[in-house]
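Shared between the two complexes below is chain A, which pairs with chain B and chain C, respectively.
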Partner chain A sequence: MNRAYYWLVFALSIPAFLWLVPTLWMVSLSFQPNEVLARTTSTTLFGLIPIPFTAENYAALFSFGQTPWWFLNSVIVSLGMTLGVLAVSTTAGYALARLDFPGKTAITIVCLIGLMVPEQAVFIPLYTMFADLGWHNSYHALILPRMAVPIGVFLMMQFFRAIPKDIEEAARLDGVGWLKIFWHVMLPLARPAMMTLAILTFLYAWNDYLWPLVSAQQREYFTITLGLASIQSNFAQSEGLGRVMASGVIASLPVVILFLIFQRYVVQAMTVGGSKG
Partner chain B sequence: MTHRRRVMITALVFLLPTIVGTLIFRLIPIGWSFVLSFYQWKVFDTATFVGWDNYAHIFRSPISLGVFVNSAVFSLIYVVGSVVLALVLAVVLNNGLRSSAFFRGAFFMPFITATVAITLAWRWIFSTRFGVLNNILMGLGVDNPPAWLADPTWALPAVALVSIWKDVGFYMILLLAGLQTIDPTLYQAARVDGAGPVQRFWKVTVPLLTRSLFFVLIIAIVRSTQTFEITYALTNGGPNGASTTLAFFVYQKAFVDFDVGYAAALSYIMCVILGLLTLVNFYFRRRWVHE
Partner chain C sequence: MAVTSRSRLSQTQAAWILLAPFLLTYGLFLVYPFFQGLWISLHDWNLLAVAFNPDAKEYVGLRNYERVMWGRNIEWSLLAAPFWQGLGLAGLALAAGLHWAGRMSRFNAVALAVASVLLIVIPGFHPGEEGRWYDRRFWPTVGNTLVFVGLAVPGVTITALALAAALNRETRAMGALRTLFFLSQVLSVTVVTLIWQIMFSPRQGLIANVTDVLGGSPINWLTDPQFAMAAIVIATIWWSLGIAMILFLAGLQDISKDIYEAAALDNARGIKAFWYVTLPNLKRTVTLVVVLQIILHFQVFGQSHLMTQGGPNDTTQVLVRYIYQTGFRDSELGRASAMAVFLFLIMGAFSVIQFIVGREKS
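== the complex of A and B ==
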């Protein structure tokens, strides 16, 4: 039993290493001088150990270039989208789960259809629509269309449905209004689901690429992933390799940290999705 | 104000952003896209109604037919590769590994890192002269390793490989969730009846996991048709279109060639293919899934 266990761990270590090694390379190369990388990348252990070590790639990224600005843009867009999705999804989810009104089924169906429309199919009209309105190259262009995520509404709706009805009925008998019940009773109860939704939305927004690519053409509105790709095409593969990798690390760091802190919520969210399928 | 009216007003206020958002950003665009697909319209130009011409051209042009073939090959490699690998990993991890949190994190990590960022690392790994892959291959005595991303034969499999690498952890987590709903006493019963590990896998695990497996399969198929960022950052569809798949082609047509009507028609074909695949999936799901 014991020996089989260690064999299993050993057998799994090989693929796990393969899965981690591109990330390790990215980190390690980002700490090596570009001049050395331009000559050869088969330095210590195929470049896996950063010798000679330097932090100049990071210093260069933050001194000239717009990396700090792009980073800030990503923070603004991702936070804006996360807050927006939370506000829209909790209210709609609550209304669909708990309020009785005519047309409820119709609205649920409309949301469901919206859920099934693939993004690539709405891209082109959205682009021309925003162009006609002169909305491109702005924060609202980057945030607004991404807020229509019916999946968040469904996640919150399912959560609110699971909360026992007596809790809000007791409050209603005391004459408390809907808004107050929603704000003071339901939202605090929904905190775990909101956490999950917030983290998933933030991850999605931070890593999103296609919409920012077509909507933000001015460099001031680039998000970090866009900016990163734009520097990459300016550097020849061998010349600025260290700096390209450094920008990759900077772009990934916030989401990786977020994931490590909130791993429990992320995994839980996936689990909910998986068993509901 | 009556109670009923108060409820209605609250519901309206609460639902308004969702309804307006879904309409403006999803439903109206999808309708408009359908209309656009019947026009020849290069942006900054006037649109001319051309009927089914865009669709006819798509099915006759060797370039777009090549893209369909690429997409099918990519989807096949990606779906089979990632789902099988995810299943193996999930089953192994589910068999009571004490360090499974570490392994789960290791396999899941690529899924959350910024796609474009991590694809840059892969570009370096695959690069012909400086790439670590070819360095290792030459060290092992391979004289003429392929140029990978610059080689028409290898570019598409390379994109598929990176996509599998990135997503497998996600499917693994979904399958792990499904595995955890299986009653452990069933395995004990099977063991008492003399079933070995392979038999237990086929007779207990697989039948009880069909629900999760189909869910993962649908997501994998949908994601395989939408692959964009990895292609964009790794090969940009090249060399000479060898790794261009449908979603990337839509982007190229619309935002590089500015041939909006054509791109709209392409995106509609994509919708139809996706819809058909989902239907097929549901059909098999109904036949095979144990509820």
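== the complex of A and C ==
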């Protein structure tokens, strides 16, 4: 390590700090009293340090208001979607990668074409379809559409293709059936890929905005992302800036924690998700 | 796993059992809605009327497309938009010239030529005398979306590339810095817009507070037609830098150290090495990142919907928001679906490009 290296680190930490400032500011404002914020947001060091300090915004958030409920909805929808995507993607991915059957190529191509269809191109017909079924304002309405997206299938397919064939063949010689090989041999091997897919799906589900916006019209079925959108348009008047910022912090907490713990997987998931669909 | 007899399921049966859950959801929630969307776009389909009475829709053929994209007395001329058409002509000449001189591969030349021809043809349409567009907002909305893409994509790409080149060392400090730059990427669009709405606020915003101390007058970022688009672009760059940076870092890691050592012997270090060694070797990654960003940012919705509500004066109205409003505020599902098909065609074209570029890599 030479002198130039330390200068580089020093020079880069300035933009890195600036990059962090907006997030830091949100956290800091969420710990300041609403009466003060109504007057000025520039208290201590442009408001970046929460003095005067209060935790009241968080207490208020949990004692009344719908934020805890929305948070719970988000947890249910995100976990449900993650499990659903894992289930359909691992099974289909394994079948397309390792089994031979007539029509395999055709199905692979049909799924590949599905990668080109953006959510925005199908949300109107999905809306009318779910309206006809009377499914709007429910958890399954928020979960099901994303399970149809083939990105997970391709991710799992690529993973299963890379596993050496002899593991499977040894089991076949012992007379083990295909479904058992999938369940007992292949799935345990696929854990890292499943982890990547799970995080990709969870992040997507937690942050999704357009589909919940059209599907969930009753506030009881809002996800936290949608709920936050609904209170930010008139934030200063009705709720108080500090409380809205506290909602923002609560809404970000799970994904930020997930990111800090599983950074490697998150980066991998976003790279895969980014470069494939 | 005590198995005594051979499995009764054949390979084909097992495959179909494993595929069934996915194919079922795929067919129901993607394939069917896709064709249903095409079907709706061929109808005069009012959301509320059809919900009340399923027969209240009327087949109108391609009329929705006409009402969205066309007008009365539309003419085409070469001088309607001199700048863009001139750029197209220049691009066409450049493609022919460079290919003829052997400086550009056939694939790139054809791609540039196709883009140039589109640039010459599309802006050439305009209403003639007494003519007008049937939908005055559609093409300006497409234009705004293109402006957004045209600002956000280079903004993200250049910043991310510079950062990736600087951060491309496996040390603890560099890892921590990468984490800081990547962090905003995991936030949801509503958190991002919440933060930046208040950052940009002329009365409460951090930016206004800082300019106030420096003695400047605050800018009405989100309500001034000159600054609104810039504001949502800044928020977007802040939000979506991470993926691009990570993809560039992965690309940089594939460049062998030997090339740099060889370049160092020729006195190419630092910026010179970046320009003559890194960039040429990173061409494919750059293309991939650019195409990816175009697909991503063309679908922009939340930033415009939540930060500026498409305003002021429609300057930040974007395509997906217009589709959403036409469908769910004006209940015009037919017209909204026609626009969604338009969006799909553009996205589809770029997906094909992305697929080809991705294939070349492997």
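Criterion: the second predicted complex is superposed on the first by the 262 of 277 C-alpha atoms of A that agree within 3 Å, B and C clash if a C-alpha of one lies under 4 Å from a C-alpha of the other, contacts with A are read in each partner's own complex, and residues count from 1 in each chain.
By our rule, a contact is a pair of C-beta atoms (placed from the backbone, for glycine too) under 8 Å apart; a residue touches a chain by one contact, two chains touch by 3 or more.
No experiment lies behind these values; they were computed from the predicted model shown.
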{"item": "Side-by-side fit of chain B and chain C on chain A, or clash", "value": "clash"}
{"item": "Chain B versus chain C as contact partner of A:V255, first or second or both or neither", "value": "both"}
{"item": "Touched partner set for A:N207, first chain B, second chain C, both or neither", "value": "both"}
{"item": "First (chain B), second (chain C), both or neither touched by A:K180", "value": "second"}
{"item": "Contacts of A:A162 with chain B and chain C, given as first, second, both or neither", "value": "neither"}
{"item": "Chain B versus chain C as contact partner of A:I51, first or second or both or neither", "value": "neither"}
{"item": "Identified clashing stretch of chain C versus chain B [73-81, 91-99 or 343-351]", "value": "343-351"}
{"item": "On chain A, the residue positions that both chain B and chain C contact, one per complex", "value": "5, 8-9, 12, 15-16, 19-20, 22-23, 25-26, 29, 37, 40-42, 46-47, 87-89, 91-92, 94-96, 99-102, 104, 107, 110-111, 114, 117-129, 144-145, 147-148, 150, 153, 177-179, 182, 203, 206-207, 209-210, 213-214, 225, 228-229, 232, 241, 244-245, 248, 251-252, 255-256, 259-260, 263, 266-267, 270-271, 274-275"}
{"item": "Interface residues, chain A side, partner chain B - complex", "value": "5, 8-9, 11-12, 15-16, 19-20, 22-23, 25-26, 29, 37, 40-42, 46-47, 87-89, 91-92, 94-96, 99-102, 104, 107, 110-111, 113-114, 117-129, 144-145, 147-148, 150, 153, 177-179, 182, 203, 206-207, 209-210, 213-214, 224-225, 228-229, 232, 237-238, 241, 244-245, 247-249, 251-252, 255-256, 259-260, 263, 266-267, 270-271, 273-275, 277"}
{"item": "Chain C-touching residues of chain A, taken from the complex the two chains share", "value": "1, 5, 8-9, 12-13, 15-17, 19-23, 25-26, 29, 37, 40-42, 46-47, 87-89, 91-92, 94-96, 99-102, 104, 107, 110-111, 114-129, 131, 144-145, 147-150, 153, 174-180, 182, 184, 203, 206-207, 209-210, 213-214, 225-226, 228-229, 232-233, 235-236, 241, 244-245, 248, 251-252, 255-256, 258-260, 263, 266-267, 270-271, 274-276"}
{"item": "Chain C to chain A touching residues, read off their complex", "value": "1, 3-9, 11-12, 14-19, 21-23, 25-26, 28-34, 36-37, 39-40, 47, 50-51, 163, 166-167, 169, 171, 173-174, 177, 179-191, 193-199, 204-206, 209-210, 212, 238, 241-243, 246-247, 250, 288, 292, 295-296, 299, 301-302, 306, 320, 323-324, 327-328, 333, 336-337, 340-341, 343-344, 347-348, 351-352, 358"}
{"item": "Chain A-touching residues of chain B, taken from the complex the two chains share", "value": "6-8, 10-15, 17-19, 21-30, 32-33, 36, 43, 89, 92-93, 95, 97, 99, 102-110, 112-118, 120-125, 127, 129-132, 135-136, 165, 169-170, 173-178, 180-181, 211-212, 214-216, 218, 222, 225-226, 228-229, 232-233, 247, 250-251, 254-255, 260, 263-264, 267-268, 270-271, 274"}
